[in-house]
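Next come two complexes, and both contain chain A; in the first it sits with chain B, in the second with chain C.
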Partner chain A sequence: MSVYMDLNIIAISDKKRLQNIIETAAHLGYSTVAINYVVEPQQKKQQIPKPLSASELCEKLPIVQGKSRPIKVLNRLTVVATEASHFRPSSEYKNFDILAVYPKTEKLFHAACMTYDVDIISIATTEKQPFYCKRSPVNGAIERGVFFEISYTAAIRDSTMKKYTIANAINLVDVCKGKNVILTSGVENPLELRGPYDIANLGLVFGLSEGDAKAAVSTNCRSVILHGETRMTALGIIHMMMKKKKSQPPIEQPEEETPAVKRAKTETL
Partner chain B sequence: MVRLKARYLLCEVCVSDSSSLQLLEERGIYQAVRAAVVKAHGEYGAARFSIGSSVAYVNAYTGVVMLRFRKVHYQLLWSALPFITSIWSQGKKVQCFFNCIHVGGTIRTCQKFLVRYGRQQLCRMLPHCKTEAEKQEVRRAVLSCSLQKFNVDDEGDDDEGSEEEET
Partner chain C sequence: MEEKPASYERVVYKNTSEYHYMKICLVCENRSKTLSPEQFKQLIISGVKDLYGEVGAAFPFDLLTFDQSALSAILRVYNRGLVKLWSALTLIGEYEDEPCAFRVTQVSPFLLALSGNSRELELY
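Here is the complex of A and B:
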């Protein structure tokens, strides 16, 4: 039995509703969720928000369906980039477990695939993608271990959005041949969330094969989280942290090596 | 003889307010699924849906619904299910979504799964109990979940439902 994850839950100011969404996600069998903070730098004076820790969000995290562990809550930052200056690696990015970028132009898409230090590249779901995903940057991104994200909530809300989402997704999947794709929700309302099996099946509509579609909600998400960890540590091998005791100087603490990313077991649903 | 193979989708209807689950009925669900399939796959989908699709079982207490599709096209029809956002039943619109919990080849395997699943739900419910009497009641229900009384299984299912209502 694999572990399902949903790496896109929009951070809304209504704490009660956010808790409700997390509870629903646990009930549906997601064992990891990421709270997504969206930043649009083209609007003036938008600060990068400070992420809430999981304990601040709710005192007692709900238990995952079919498991005995509580749900894991991560933080994610999405930068909507329309100009090259919008994405600057700064220390504020370090507070987040996962870093995503949503490029609006072809040039930025190319840069995001080839050079930016991110984990996820978002694909437009509410409008027609204004450019084609070319094969060379996509292959570069796959080689670097960057993943492409398709979120499905827009498709559920509105039928026009559904057309755009499916068109953009098929466009992407054709180019990347089903590799390095993750399916996420992007919910703001608990009733928009869908179960992992349904989403894996929905992947078939987007042109993914059965194995790829299942990987898109399970193993690929795991790879994203591990990629995020390597960004914060030195390639996931060495991690520096301050010890709480003042008497001792901070020492290097070797973290256990991250295990090799496992590929999805391709089995029929 | 070759039999026509079917796939049974065991779905859970999730609503925000559990009292509206009582409104669930077979016809409303059938029509909601058909409308979703028509919207997602057009006339082709409607034609596929019209052969051998039915609602096999509805439990209005737990919100568990079993849908029956032909094996050849169940994935096509299943891909329309995430787009259901509401069901019309008994003249009321219920905001809900379908969550598929199991896909089985026979009703029997689905039943076995459902008993196991219902038991899991009871176990999840136990920490949320407030009074000791409720706890005892849930514990008794957990112990009574088995396929031993295979012939009176419907009764057992209803039992689970009433437990869930209490908490």
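Here is the complex of A and C:
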């Protein structure tokens, strides 16, 4: 089973609140979060921001609940595209682990599905989707390993947006048959964050099957991150692990360690 | 007499349990917020009605226990209402114009399972 991830935490300038959100996410059981920087090129002079590294953000990353590992923090860029010129691959995109695009028109949606070199395509949650997701571009995106994102925070904030989120999500899930969907938060406030199991359950409301809903917060997110890594290379990635040599007997170390613990105990007595 | 070794009994449910039990906790921005059990249940009912409407909210659920100081509670709901109740809890975002959140700690078909939480055990 894969770990739970939340790939959309809006990068707010208030550093303390961002730390608070990351802490809450770790407490709820998310092993990986992505800080999302949003750029809207139609507003003039929008620069692509420089992502903060995880160490700049928090001095000590909080420990994930139920695991003894600290939370992993990634960077993500979302380009809001209303015109074709808004999304152009540049070297600045390379600073981010994940690249997402939020197409506002049908033409751009088609282009994003078929040709854009992105990892995530965001679906509108704060407004009515102005176009219908057709099956052929969606199938093309699934084939290329691009994922569709539904973020749920808008649904918590406002009842009208709840309607739009659910309607758009059901539409999307109908077209893609539950494949290649990820559920993310998009929070700006720690109280808007929900636990991974809650979100998997919310996926059922959006029409996903039980397995797909769980995958939407775990395995699919992992695929997104791996897809993001392949974007930086030519073809693919290989993970390598150092294996211990067999000739060295590894028994010696634990033998040394056990008495050390015992000694510590007697000392305290 | 031959002494029998300690034995244990394995209980298998052939049919799925009728109910599900949920242990939940309300987190408010204002930490000193207090609610009566009636207000607490009303908050949940209005959340379900917001999301599913009058017809969709027509499933019974019970508030078994409520801890006023920690704002934690145990709910009992029929299986077919679980997804509805849970999703409604997820989408509740405010109480009396103040941000709040329901944290679902545990969900189980057995009430006994809620007596302990393996995730809060401290292992050495």
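Keep this in mind: the second predicted complex is superposed on the first by the 234 of 269 C-alpha atoms of A that agree within 3 Å, B and C clash if a C-alpha of one lies under 4 Å from a C-alpha of the other, contacts with A are read in each partner's own complex, and residues count from 1 in each chain.
Throughout what follows, contacts are C-beta pairs under 8 Å (C-beta built on N, C-alpha and C of every residue); 3 or more make two chains touch, one makes a residue touch a chain.
Just so it is clear, the model here is predicted, and its values are computed rather than measured.
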item	value
Three-chain arrangement built on chain A, chain B and chain C clash or fit	clash
Touched partner set for A:N201, first chain B, second chain C, both or neither	both
Which superposed partner A:L191 touches (first chain B, second chain C, both, neither)	both
First, second, both or neither for A:I63, with chain B first and chain C second	first
Contacts of A:Q19 with chain B and chain C, given as first, second, both or neither	neither
Partner chain(s) touched by A:I156 [first = chain B, second = chain C, both, neither]	both
Segment of chain B that clashes with chain C, given the candidates 57-65, 129-137 or 147-155	57-65
Doubly contacted chain A residues - partners chain C and chain B	28, 65-66, 152, 155-156, 159, 162, 191-195, 197-199, 201-202, 204-205
Chain C partner contacts - residues on chain A that touch it in the complex	28, 65-66, 152, 155-157, 159, 162, 189, 191-195, 197-199, 201-202, 204-205
Contact set on chain A toward chain B in their complex	24, 27-28, 63, 65-66, 152, 155-156, 159, 162, 190-195, 197-199, 201-202, 204-205, 269
In the complex with chain A, residue positions of chain C that touch it	27, 29, 50-51, 83, 86-87, 89-93, 99-101, 103-104, 107, 119
Touching residues (chain side chain B, partner chain A) in the complex	14, 16, 39, 75, 78-79, 81-83, 85, 95-101, 103, 120, 124, 127
